[in-house]
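First chain written, first letter: the chains are A, B and C, and each begins at residue 1.
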Amino acid sequence: MEKKGFKAWLYLLPAFLFLGVFMIYPLIDVFIYSFEEGYNFASQTFLGVGTYNYSYVLHDPYFLQALKNTFILVVITVPLSTGLALLISVMLSSIKPLRELYQTVFFLPYVTNTLAVGLVFMILFKKTAYSEGMINLLLHLFGAPSVDFIDGPYWAKMFVLCFYTVWVVMPFKILILTSALASVNPVYYNAARVDGTSRFRIFYKITLPMISPMLFYLIITGFIGAFKAYNDAVALFGVNLNAAQMNTLVGYIYDMLYGNSGGYPSYASAAAILLFTVVLTITCINLLVSRKHVHY
Amino acid sequence: MGNHTDYEKIEKAARTRTIIRNIVIYSLLTVWGILVLFPFYWMLLTSVKDYGAYNAEYIPKFFTLSPTLQNYVDAFTTVSLGRYLFNTLIFTLITTGLMLFVITLAAFAFARLEFRGKNLVFTLFLSLMMIPNELVVITNFVTITNAGMRNTFAGLILPSVTSVFYIYLLKENFAQIPDELYYAAKVDGTPDFRYLTKVMLPICRPTLITIVILKVIECWNSYVWPRLITDNPDYYLVSNGIQEIRENGFGRENIPAMMAAVVVISVPLIVLFLVFRKKIMEGVARGGTKG
Amino acid sequence: MKIVFEHLTKRFPNRNKKIHEDVIAVDDFDFTVPDGKLVGLLGPSGCGKSTALNLISGLLMPTSGKLYFGDDDVTKLPPEHRGVGLVFQSYALYPHLTVQKNIMFPLENLRGADRLTKAEMEERALAAAKLVQIEELMSRKPSELSGGQQQRVAIARALVKMPKVLLLDEPLSNLDARLRLQTREEIRRIQKQTKITTIFVTHDQEEAMSICDMIVVMKNGRIHQIGKPQEVYDTPSNLFVAKFLGTPPINVFHGTVKGGRLYLGDDAVLETKNVPDQDVYVGIRPEGFLPKEDGPMHCVHERTEVMGRDVSILASHPAALTDTIRAIIDAESRTATDCTTVNFALRPTKVHLFHKDTEERICF
């Protein structure tokens, strides 16, 4: 038995080594960093211990901007993408011909490089001295004046960011919801139809409760994902997000590290912990709400 | 008999409703399909537009009559796109390979072997799934920098190797294999490791393939960590490469060449997807996340 | 409400894509279910019973033919307008709703002039629940009920909207043997009480025989016989029906009619006037054997099973299709059981002759 236990640990050793160095140690360390005031990366020294890092971050206009952007992004994209995905999945499940084709097409954004396709979106929305850009062409069709969505007003930039974010997260949600819908036993639909239930009522009274666990899973992961938005913003607006007023919380954390000579890990840590706290709080609220409404 | 006509009316109304509903559904689905595909079309289209012609279009055109491959040549010669692709390939292969090794051993230990405190360790282990990457990236950055591994493959790869989630996924799959098989193998004198490689891994191949596919997608698209750890273009991955191109690659204005680079970067995964469509979609439905 | 089938046919494309020929699940149904009767649709699994039921409910559309409820052509009417109550084999109770909500579900669908107030709905749900005797379970969820209780809820849900037709799809197959007996009586009672035309699908002939006013025996999509249970049992129209009905099953022999006599092997067992000379299949019900010292049918005695009132004699006969034949006799008429041979006389009404090729019954 002794020998067997030893062998098991041997099998676990590589995983523990990697996790210990790159996950558990950093997890402890990030808290330490966040309380070390005036940490200097080059000399690896710090002046004292306290909450100054937090107060600095909370008073940093860039952080507040990032916080605002992230909240707007979350509040807009999570309900929008989930609702849209639900609509599309329901429509997908109700057709037979061409269904696989649609499913394949809808899934494509999942397998693309967010940065690369983001560039395409930038081209589509951008207005330069030489070209109006594709989207502005459409706006002209409806008689609207052209807008530079990439370097223009704040709302325009936010619109593109939300649009692209929804475009990127849809495939996953559609896929999850279509498989959730497919797993509902068709006998319930038959029973409801024989009883003369309208389509809307079938959806509202039967389908929705039955897929509610998956729906809440998507909402929770959607919130978490949206709070961590970063790549989409970089793809659209470039690395200097602060200048573009389009930074996100995660972007703020990384920008703190990119700074000269190793950046400011202390500020980054404080910001990361703040982000984690927000996400954790929202997730807990979500779980509490879902306990009330999920039927299984 | 009055009922008779009533029924006919109901039948007709029901038929009309079905037809209208189908038209609406197909139209809406097609609209979304166009929204999804249009960026891809635009990227392909722009990538074959002549540089001069593109810049001359004040109002962009939806097609081109004189496609050119010059932009692809530019994409590979002006910036080291080939280098980025190669780096990404190396990064993806080594990371995925190492990860498979590490998670297989760990999942095997959790699923099959007995040791003291297994449940406690596994619970602690699962709780690690809650930890967001953003929280640990900072220290990892400091660790790698202090170890002098910036701008090395080791620095790129090592922190990306383990995934608690994949260990969990594989362990669950391992645990489904009936115990009898293990005892039968034991009776035949099969050592544990041989049992793992000859019995468990073949049985769990679908899960392994799922994990590999998900990890490959993740690697191919990883941006944040490579960007932190590399500032030497020789070690850029495609995501960083594309960002570099965006910032100052083709002098900002050579958009057709930029799009050619985007096409080159996007094609491998799309081809992979079209070939393994079913497997990938199943795998993502079972265990994928994004964001 | 009577239900009229007029050459109703349903074909499916073959599941095996290499075979292009369609599967005919329901083949030319042409009969009438009288108003207010309990009709059993009976046949081995895969014979198209459930398809037939789904054609009536409207969940499937027929390939050809017509279906009438009363005088109304409902062939193409969508299920939601047919006003049928359907009890599914798996009950299909909504797992997230309580028993009461499940029963009220069909009522909440009513719109326009039929719309009910909440109080009316609750009242009707309670009445339906009382009918199936589950009124004390109203606030439970389906997962907290036993199989039999779920079954009752399903029936209550089907009845609450006062359907013109009640359809039951293998309603007893998920219950254990005791409950099955009890529930089938219950179904009979409810049907008698409500007088709703009811169609009941089952593969269990005993079930159908015991409670139905009329049974429809089908195989491979075709109707083999329609009639009152006892009639069908007593005068099966062909060998399949004879074999399908009755437990223990009918004993089948190779026989020959020669000169007005029926021969089983060398034994001339019965007078068969008016039957031309030919080879036949002979079906003899287990209760058709009378043990008799000088009986014309000579069998090798194998063993005797005593089960309560009845005694079964298991024997073998060279002309039988099976290794052993079973005769059920009264305990009183039991003879010495240790003999190696046993002789039987036959009750003519329990003996059926079937044509060798068509397997149709030959009257004699």
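The working rule: a residue touches a chain if its C-beta (ideal position, glycine included) is under 8 Å from a C-beta of that chain, and two chains touch if they have at least 3 such contacts.
This is a predicted model, so every value here is computed, not measured.
Taken chain by chain, the contacts link every pair, so each chain touches all the others.
With A-C and A-B as the two chain pairs, more C-beta contacts join A-B. When each chain is reduced to the average of its Cα atoms, C sits farthest from subunit B. The geometric centre of subunit B is 56 Å away from that of subunit C, both derived from CA atoms. Note on chain placement: the centre of subunit A and the centre of subunit C lie 59 Å apart, centres being C-alpha means.
Each chain gets one centre point, the mean of its Cα atoms, and the points for subunit A and subunit B are 15 Å apart.
Along subunit A, no residue makes contact with two or more other chains. Residue positions of subunit C touching 2 or more other chains, listed in rising order: 78, 81. Subunit A makes touch with subunit B in their complex at residues 1, 4-5, 7-9, 11-12, 14-16, 18-19, 21-27, 29-30, 33, 41, 87-88, 91-92, 94-95, 98, 102-117, 119-124, 130-134, 137, 167-170, 172, 175-176, 179, 221, 224-226, 228-231, 234-235, 238-239, 250, 253-254, 257-258, 262, 265, 268-269, 272-273, 275-276, 279. Subunit A makes touch with subunit C in their complex at residues 185, 187-188, 190-198, 201, 205-206, 209-210, 295-296. Of all the residues in subunit B, the ones that touch subunit A in their complex are 21-22, 25-26, 28-29, 32-33, 35-37, 39-40, 42-43, 46, 55, 57-60, 101-103, 105-106, 108-110, 113-116, 118, 121, 125, 128, 131-132, 134-143, 145, 158-159, 161-162, 164, 167, 192, 217, 220-221, 223-224, 227-228, 238-239, 242-243, 246-247, 253, 255, 258-259, 261-262, 265-266, 269-270, 272-274, 277, 280-281, 284-285, 288-291. Across the interface of their complex, subunit C is touched by residues 1, 3-4, 7, 10-11, 14 of subunit B.
Interface residues of subunit C facing subunit B in the complex, by the touch rule stated above, are 71-74, 76-78, 81.
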